[in-house]
Amino acid sequence: MGKLTIGCFSSLVGSMSLDFAVKLSAAAIEKGHKVDFWVSGNGTMLSIKGQRAFKDYSALMKPVQELMGKGLTITACEACAEARGYNKENTMEGFKRHSMDWYLASAFNADRLLHIGGE
Amino acid sequence: MGKLTIGCFSSLVGSMSLDFAVKLSAAAIEKGHKVDFWVSGNGTMLSIKGQRAFKDYSALMKPVQELMGKGLTITACEACAEARGYNKENTMEGFKRHSMDWYLASAFNADRLLHIGGE
Amino acid sequence: MKLAVFVSDYKLNVDTLDRLKPEKLGIILVENGVYHATIKENGTPSSLLKKNANFYVLMDDLETRGLGSSDINNNIKMISYGDIVDLIFNEYEKTAWL
Amino acid sequence: MKLAVFVSDYKLNVDTLDRLKPEKLGIILVENGVYHATIKENGTPSSLLKKNANFYVLMDDLETRGLGSSDINNNIKMISYGDIVDLIFNEYEKTAWL
Amino acid sequence: MSTTKLGFIVQRPPYKSENPKLALTHAISSQSVEVYLNDGDIVTADVAFIGDGVLNCLKNQKAMEKYALSSTETHIKNSLLLDLNVMVCKEDLDRLGLSENDIVMDAEEFGAEVTTKVVPFSEITKMMEEVNHLLFF
Amino acid sequence: MSTTKLGFIVQRPPYKSENPKLALTHAISSQSVEVYLNDGDIVTADVAFIGDGVLNCLKNQKAMEKYALSSTETHIKNSLLLDLNVMVCKEDLDRLGLSENDIVMDAEEFGAEVTTKVVPFSEITKMMEEVNHLLFF
């Protein structure tokens, strides 16, 4: 089994790139791989607590929490989050916050890296 | 003097579309026009309080607060905000929250409408 | 109608502008749309500039990107945010951000 | 190198894919990239399908958009999220999301 | 008593961006805008799908099954149910090899009385001329 | 003691998206990644601008003056200061009518010892072959 590091940068909530990354993480964990998930830029929107699940909007908080329970490590870029008003207090429990070098460190021993930076 | 309604929907924090809309609002108010500003979709990111001003990121909280002092009316789509975890408690003071019909009501008697929905 | 169209991208992913034929057309280049005012790919100016329209480019967005007045085509007027406000209210009736 | 490229848009605003010439190329159509698998503009399949590559399309993203297996070109393999995981780990060495 | 007409123009495919769906939800909100207005004043919303935006209209979208997300198809049906004028550009359907059989044409199962109108681009141009304000998505 | 090489490829112009800047700030963070690693283990970051991404490299960007935002130019200079390998595709500069005079070639004023390398696309392909992982922006 291998290690997959996923970075999701620019994904809009409401686009499907974060949805894609979460589903891919689930599939990889299901197959026994280790997954590190990094969100930066607008991807940090995924980290805030208190997101409400409406059927008209991508609602990823619950799937992310379930994956954390199955071993997903998920980390938000601290500066990108703070700039957007996402601070330590309003971050979802279990969601880590680090500086950008965390992502590169995760890439260091990753077997595969999928960087979703387009847009 | 006229009334300008601006809607900014999909703008990323970090793109320049919200920056554009804020600067255009300032220029219109400077010339004596009334400006209504509606944010929906990811544009609702503008409404959260506690955004930190780093020089690497668009920092629009202070300019928006100054414009509110000069008469800008600014309103976020309530559902779009709630879906993203922006609730009443973490909304910037003076930033209104309404359902989508507020935007259309503002358009009703607007002399001009600039809808920034692209992307 | 008198229509002011805002172009904010260099590579447009819609063809709407080619299909709009208003009585009066203004094209306001903002954000990455400003590259249309300056870049000549393989020596050729942007095809957007061939349209029968009045062209404007936002000075702030040119300068942000390291571009300036010396780079722009001479049928394009350099404007400020205040000028955009006046254009919208006085010269055009409707706006379109593509 | 053995490269898996993810295409997530129908109208691409970069030309990178045309310039990549890896030893082995996989093109995985996801999100709005799935339209390349089905749409024939004016009767012609997407030019992307002319590339010398293995083509895959994510079933979930096809079906989300109202498309299905009957719509896709027959050189394209329909795959699941689990299949993507296997492709990444077993068939390709590096990935690129354009 | 006056009427302000808005034209919503959807130019891009669904899902990659939230915009096409927001176009529809905002257009639908024209039905409740009266709470803000004086008696007799109204706002109307016409919706036109052009360019690759016509891909929003494909039938059998499984967004709810696959991503737990309401589909753009559902929002088009809601728009018809609320008697919005929904237009789809014929030239773009032709270009993409699509016909009326492929797209959402009605919401009869919800009791909607109006249907989607497949029209030449010239009809959409006419709508754009007639409305007070344009909103491009 | 081992090295993991990352290739950062910037394909799009600056400012409209935050991505080109995030490419540079993430590449720069390769300089501090050792805190997470064992002694002698390192991560290197090569940065290549291709396609319209070469527009990131224009000189005299006034983002700070106009929008109170640090410019992409500044981040490129920081990258040079930290000895990152910064490459710019020659074919794309040519296509866009740009030369070395138009772009950020050094950060001498900060004491940087390395300069931007204008190279044919084939050199960038070679880098892509050599690195362990690719990150496209």
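What to note about this one:
Order of writing sets the labels: A, B, C, D, E and F. Residues in every chain begin at 1.
One rule holds in what follows: a residue touches a chain if its C-beta (ideal position, glycine included) is under 8 Å from a C-beta of that chain, and two chains touch if they have at least 3 such contacts.
Just so it is clear, the model here is predicted, and its values are computed rather than measured.
Of all chains in the assembly, those touching chain B and also chain D are A, C, E, F. Although chain A and chain B share one sequence, what matters here is the overlap of their interface residues, and that overlap exceeds half of the numbers used.
Work out the mean CA point of chain C and of chain E, and you get 28 Å between them. Work out the mean CA point of chain B and of chain C, and you get 23 Å between them.
Residue positions of chain E with contacts to 2 or more other chains are 15-18, 22, 25, 52, 67, 132-134, 136.
Multi-chain contact residues of chain D, defined as those touching 2 or more other chains: 8-9, 11, 13-14, 31, 60-61, 64, 94-95, 97-98. Touching of two or more other chains is recorded for residues 10, 12-16, 41-42, 56-57, 59, 80, 112-113, 115, 117-118 of chain A. Contact between chains, using the touch rule, shows up for A-B, A-D, A-E, A-F, B-C, B-E, B-F, C-D, C-E, C-F, D-E, D-F. Chain contact summary for the complex, chain A toward chain E: residues 12-16, 19, 55-59.
For chain F in complex with chain D, the touching residues are 9, 11-12, 50-52, 121, 125, 128-129, 132-134, 136.
On chain D, the positions that touch chain C within their shared complex are 9, 11, 13-14. Touching chain F in their complex are the following residues of chain D: 1, 3, 13-16, 19-21, 94-98.
Within the complex formed with chain F, the residues of chain A that make contact are 7, 9-10, 40-42, 80, 99-105, 107-110, 112-113, 115, 117-119.
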